[in-house]
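In the two complexes below, chain A is the common chain; its partner is chain B in one and chain C in the other.
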Partner chain A sequence: MRRSQRRALTGYLFVLPAVLLFLMFLAIPLLYSAGISLFRWTGMSEATFVGLSNYSRLLTDRVFWLSMKATAVYAVMVIPATTAAALLAAIFVNQGLRGTNVFRSLIFIPVITSSVVIAVVWNFIYQGGEVGLLNAILRLVGLPGHIWMGDMLTALPAIAVIGVWSRFGWFSVLFLAGLQDIPVEQREAAEIDGASEWQAFWHVTLPLLRPTIALVMVLAAIQSFQVFDVVFIMTEGGPYYSTHVLGYYIWTEAFRGLRMGYASAMSYVLFGSIMIITFIQLRILRPAT
Partner chain B sequence: MAEITQAVRIRDRSWVQRRVRFGARAAAVYLVLILMGITSLLPFFWMLSTSFKETETLFEYPPQFIPAEPTLANYAFLFNRTNILRYTLNTAIVTLGTAATVIIFGSMAGYAFAKLKFPGRNYIFFGLLGGLMVPFEVLIIPLFVLIVRMNMANTLQGIIFPMAAGPFGIFVMRQYLLSIPDELLDAARVDGAKEFTVFWRIVMPMSKPAIAALGTLIAIGAWNSFIWPLVVTSREEMRVLTLAISILQLEYRGLYGTMMAAATVAFVPALIIFLLFQRYFVQGIALSGIKG
Partner chain C sequence: MSSERGNGRQTITRRRLLKGSAIAGLGVVGLAAIAGCGETQIVEVIKEVPVEVIKIETVIVEKPAVQKVTILDWVHPLSAEDMAVFQPLIDRFNRDVNPNIEIRIDIVPWSNRIQKTMGAVAAGAPPDTAYVNVDEFTTYVVQDVLEPLDEFVKKDNVDLDDWLPGPRSGMDWEGKIYELPHLFAFRVAYYNKTIWEKSGLDPAKSPTTWKEHTEMLTAIMAGKESGAHDAYGGVYAGLGGPVSYWNPYFYQAGGSLLTEDGKSGYNSEAGLAAADKILEVVENFSDPAGKGSNGNDTRSGFGQERFAYHINDELSLIRLIEKDYAGINFDVAETMTGKVKWTHGGLGCKCIFAGSKLKDATWEWIQFMAGEGNLEYNIAFGFVPPRKSNIAKYVIDPDVAANPVKIRALKEAEFGRVEKAPGLWDMWDVLKPAMQAFVIGEKTPKEALDEAADKIDKDIVGRYRGATTG
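== the complex of A and B ==
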């Protein structure tokens, strides 16, 4: 065997285990899922080929549209709030004051916590009456309590708060990296030219952070489209479908309703939505040329 | 003379003003940071505090942040009446198994993509990278069918393999290894070392920071994973902690003290991993190149 051939073989052997794992548990399932979406199948019985009718059925499925709506409303609440909170946190941590790194660690603790732990703890905090901590605190300052998770109007925002609270620390790390890439001279130059600190931030720092903002918003969008755990634990989609997000509908259709084909079709719609939203956001936030 | 003192005084005043302004500014920054810190920690503090309360004292008003009579009753209930030790052990095995698989396969492939030359190298790499875009929802149903057919439902390896299949580890290790100079590896090759020896004796020890970063990210993700274990396990003794908690909260609805104790058991190990490897964790986020 020639030397170059032997080297090539070594290369293939090194990537082989990872590639096999990838093919077996990612690439093939991805195609398999597309196939399943063309069948009516309980997962056990004989599968019946139904063409694209799983997809066309989605158009008239009221619960599907309620799920799309809940997912979209959740995303619209979570994406800007998470981005803003992360940017704000990064700016304050980046002021170079003593001990600020401690705060960077503190806001990171929700990030490393299991979503199930988070859901169980917040479920307790949101309890109605005076049982929940939130209502108790409201009462301390003289405000009325509320049954947060039992009200169609407040259940989804309450879950969105958890989404922002548990993720902004992660994105603030990205913003911190972005901020530290900005040369100090640029801002100082602006301030010497008589710009106030606010103007320097608005006209110098923010435009330079544009790529980071785009990245954070795309990642926050991808994550918010996939929300599941917190809904599963806290509301099971209720009250009255107000928190019935797409990820939850896919799971219930597949593993409670045993409609594998229909659920697969929905999962492809979710995949497509994520790609479209990512593409649009990247276009809008593309660096000005 | 008078003019000079005047000038000095003006300079002094502006210095004092600046100083005061700076002090006020620092105070404002600290205030915001402290508020953010409290917001981040308060739910965990409440969880911990509740886990040490008797059921009768749970709903006292005003809320008791420090239990007046702390009790271990909730933990005793958890350890005596549920299989929580088994769930913790399962979770630990899943965590270590996933992290080890990702680290070993990821650094082997990452090394090949960064330092070895073979036909189709870049096509294969970018093909794998495409997998980063696939949401897990799309894979759950076929993975479930596959794992059941392979007789791996209700096994820990059935939980581990699909979670370790993503290309993230390959990507992180390749990024890191690109920065290692070729000369170092060539020197070893000239000395007659086999490619695997180069990898094991030189590349792996040099990659310690990247391995620590990747390992921490993957371990915390695996420790906290929920939807896949939910789908692929049905037998009680195969549950991981997150799944066990989601079921306990249905079985023991209203026993908030016990629930908070269970949540604490799942929370503390992740916190310890994070505190020990914090530096690597943040580096891992930067290394993954997702900073743009």
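== the complex of A and C ==
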């Protein structure tokens, strides 16, 4: 074996574990679930080929469309709010003020906290009546309390607030890296030219952060479309489908309804939706040439 | 490659030598393995031969091996230290029933038990037995995942009438027996006697009918308004499940999960009566904040005296109240009668998976768990044995006998009934939003229940027979 061949072989051996893991846990299951979406299968019985009928059924499934609507509304609330909160937090941290390290740790705590714990804590915050923390605060300032999770209008925004709170810390780290990557000279040049703080941020910093904003928004969109755990623990889709997001519907169809084929078809629609939205985001946010 | 040469003689190459050695080695290992299996006796046989030639031959005689087998039992956590309960039971089983059956207990979390079962069945490697709830077994049965137990029951002459009526009805589906109940988690209603008294009610009497229920809860609300106490009459968790807040009223109203023609019974006359009763409790007797509750705070709410009458909870609530809210004067209420006297009867059962290769051994274990070991198991975990013969022994257990509330609760066991149908969980998932719709006023009860029943008829009831999607 020639030396170059040996080197190539060594390289292949190094990547082999990663490739095997990728195949076993991603590529093969992905293809397998694509196959399942063409079958009627409970997960235990014999599978029956049904062609595209799982997909055509989606068109007339009212609960599917309610779930799509809830997911889209959730994403519309969470993506911009998370991005804005993360950017603000990163700008604050980037100032290097006193107490920054504490603040940085605080905003990152939700990121590393288990979603079950998050749901339990927020359940207490949102509890209606006398017990809930939010209502207690509202009463202190003379405002009436509300049954946050029992109202179709407020349940989904309440879940969205949790989504923003639990993720913006992670995205702020990305923004911080982006901010620190901006050459100091460019801001200094703007200042020398007489730009105010705001003008320098708006015309220099923000345009240079565009790739990071694109990345954060894409990641936030993907995570928003995959929301499941908080809904599962707090509302189970209620009241009356108002928080019935697609991830939760896929889970109930797969593991409670035992409709593996239908759940797989929905997963592919979700996959497609995420791809389209990501594509649109990247088109809009691509750096100006 | 062969090493024969032209002259017919075999020459031995290195490869041939290695191959021969390997075969010989395997043979030796194989013989050793055979010798190691079971008990082997070396018998010296002296054959009748002429005296001058006495020949001694050594013959290896195989004695039937008594092989140990291991069966796998999937259970779900019932306490912090489940193995502390199981190990003595396993030891007793090995001592009294069969020393050659090893029991391996796998504690599977409740939350992913269906997924895990499905995965194991799909992979062709299910456990031999598992803890199966009565509300899930029919879904397995219609997919041929469970083994019928009729032959075993007949062979061992198991007295099925020894099980209480609810547990007895939870054994079979379409004429065949599939599980032996070993744990009865029936639910009862609870009431707070102090609040009862403060509201001018007789603390020795709980409602026995819906009419009395309305009257008593009205008296409690009057007591709250007059400042005699600060508790609501009842409770309702708007995001809670049908088992807690629908089933008692629906079945007490004479409801049936499926009608005689196999359709959903949720939008029947009984369903509408149940919906009206729920609305009465929500609008007149409960904390409005309950509409946003998923029910996880209901037990603590009863302990904190936030409401006086709790329609439907397991007996484990007794232990919780006594432990965390000592001093609360509460008791088990009588099961109410609408048209029927009914309370929800949850069951933990043992079945045999069709894919098990050790069905006889598994049967011995599950029979033990539903029989000799059953009393010990239920006392340890705080549940109730489902067999009449064991209940008689259960009530004289010192821990049970010393608890008057628990003894009172046992009187309601005979009214604990089960609901069963393939896709039952799926039906609950359809009913739940319907309940939410009429409670928050998004739809009338009739609209909401008609919609739920239609979806169940279309997507669930018929799907196990010729459905085209899913």
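We take it that the second predicted complex is superposed on the first by the 270 of 289 C-alpha atoms of A that agree within 3 Å, B and C clash if a C-alpha of one lies under 4 Å from a C-alpha of the other, contacts with A are read in each partner's own complex, and residues count from 1 in each chain.
Note that contacts are C-beta pairs under 8 Å (C-beta built on N, C-alpha and C of every residue); 3 or more make two chains touch, one makes a residue touch a chain.
No experiment lies behind these values; they were computed from the predicted model shown.
Student: So if we stack both complexes on chain A, do chain B and chain C clash, or do they fit?
Tutor: Clash.
Student: Touch test for A:Ile107: chain B only (first), chain C only (second), both, or neither?
Tutor: So A:Ile107 only meets chain B here.
Student: Between chain B and chain C, which makes contact with more of the residues in chain A?
Tutor: B
Student: Return first, second, both or neither, reflecting whether A:Phe255 touches chain B, chain C, both chains, or no partner chain.
Tutor: After superposing on A, A:Phe255 lies in contact with both chain B and chain C.
Student: Could you look at A:Gly43 and tell me whether it touches chain B, chain C, both or neither (first, second, both, neither)?
Tutor: A:Gly43 sits against chain B and chain C alike.
Student: When the two structures are overlaid on chain A, which partner does A:Val131 contact: first (chain B), second (chain C), both, or neither?
Tutor: Touch partners of A:Val131: chain B and chain C.
Student: After lining up the shared chain so the two structures overlap, which partner does A:Ile280 touch, if you call chain B first and chain C second: first, second, both or neither?
Tutor: Neither partner.
Student: Looking at A:Leu143, would you say it contacts chain B, chain C, both, or neither? Reply first, second, both or neither.
Tutor: A:Leu143 sits against neither chain B nor chain C.
Student: Classify the contacts of A:Leu206 with the two partner chains as first (chain B alone), second (chain C alone), both, or neither.
Tutor: neither
Student: Of the two partner chains, chain B (first) and chain C (second), which one does A:Ala189 touch, if any: first, second, both, or neither?
Tutor: neither
Student: Would you sort A:Ala84 into first (chain B), second (chain C), both or neither based on which partner it touches?
Tutor: After superposing on A, A:Ala84 lies clear of both chain B and chain C.
Student: Following superposition on the C-alpha atoms of chain A, which segment of chain C from the set 22-30, 40-48, 76-84 or 256-264 overlaps chain B?
Tutor: After superposing on chain A, the clashing stretch of chain C is 76-84.
Student: Considering only the contact definition stated at the top, list the common interface residues of chain A for chain B and chain C.
Tutor: Looking at chain A, the two contact sets intersect at 43, 123, 130-131, 255, 260.
Student: Quick one: which bits of chain A touch chain C in the complex? Just the residue numbers, please.
Tutor: Against chain C, chain A makes touches at 40-45, 50, 53-54, 57, 123, 126-132, 147-152, 155, 234-241, 244, 252, 255-262.
Student: Okay, in this complex, where on chain B does chain A touch?
Tutor: Within the complex, chain B contacts chain A at residues 26, 29-30, 32-34, 36-37, 39-41, 43-44, 46-47, 50, 58-59, 61-63, 101, 104-106, 108-109, 111-113, 116-119, 121, 124, 128, 131, 133-146, 161-162, 164-167, 169-170, 195, 199, 220, 223-224, 226-227, 230-231, 241-243, 245-246, 249, 256, 259-260, 262-263, 266-267, 270-271, 273-274, 278, 281-282, 285-286, 290-292.
Student: Which residues of chain C touch chain A in the complex?
Tutor: It is residues 114-115, 118-119, 121-122, 139-140, 143-145, 238-239, 287-294, 296-297, 423, 425-426, 429, 432-433, 436-437, 439-440, 442, 459-460, 463, 467-470 of chain C that touch chain A.
Student: Would you mind writing out the residues of chain A in touch with chain B in their complex?
Tutor: Against chain B, the touching part of chain A is residues 7-12, 14-15, 17-19, 21-22, 24-30, 32-33, 36, 43, 88-89, 92-93, 95, 97, 100, 102-103, 105-110, 112-118, 120-125, 130-131, 133, 136-137, 139-140, 165, 169-170, 173-174, 177-178, 211-212, 215, 219, 222, 225-226, 228-229, 232-233, 247, 250-251, 254-255, 260, 263-264, 267-268, 270-271, 274-275.
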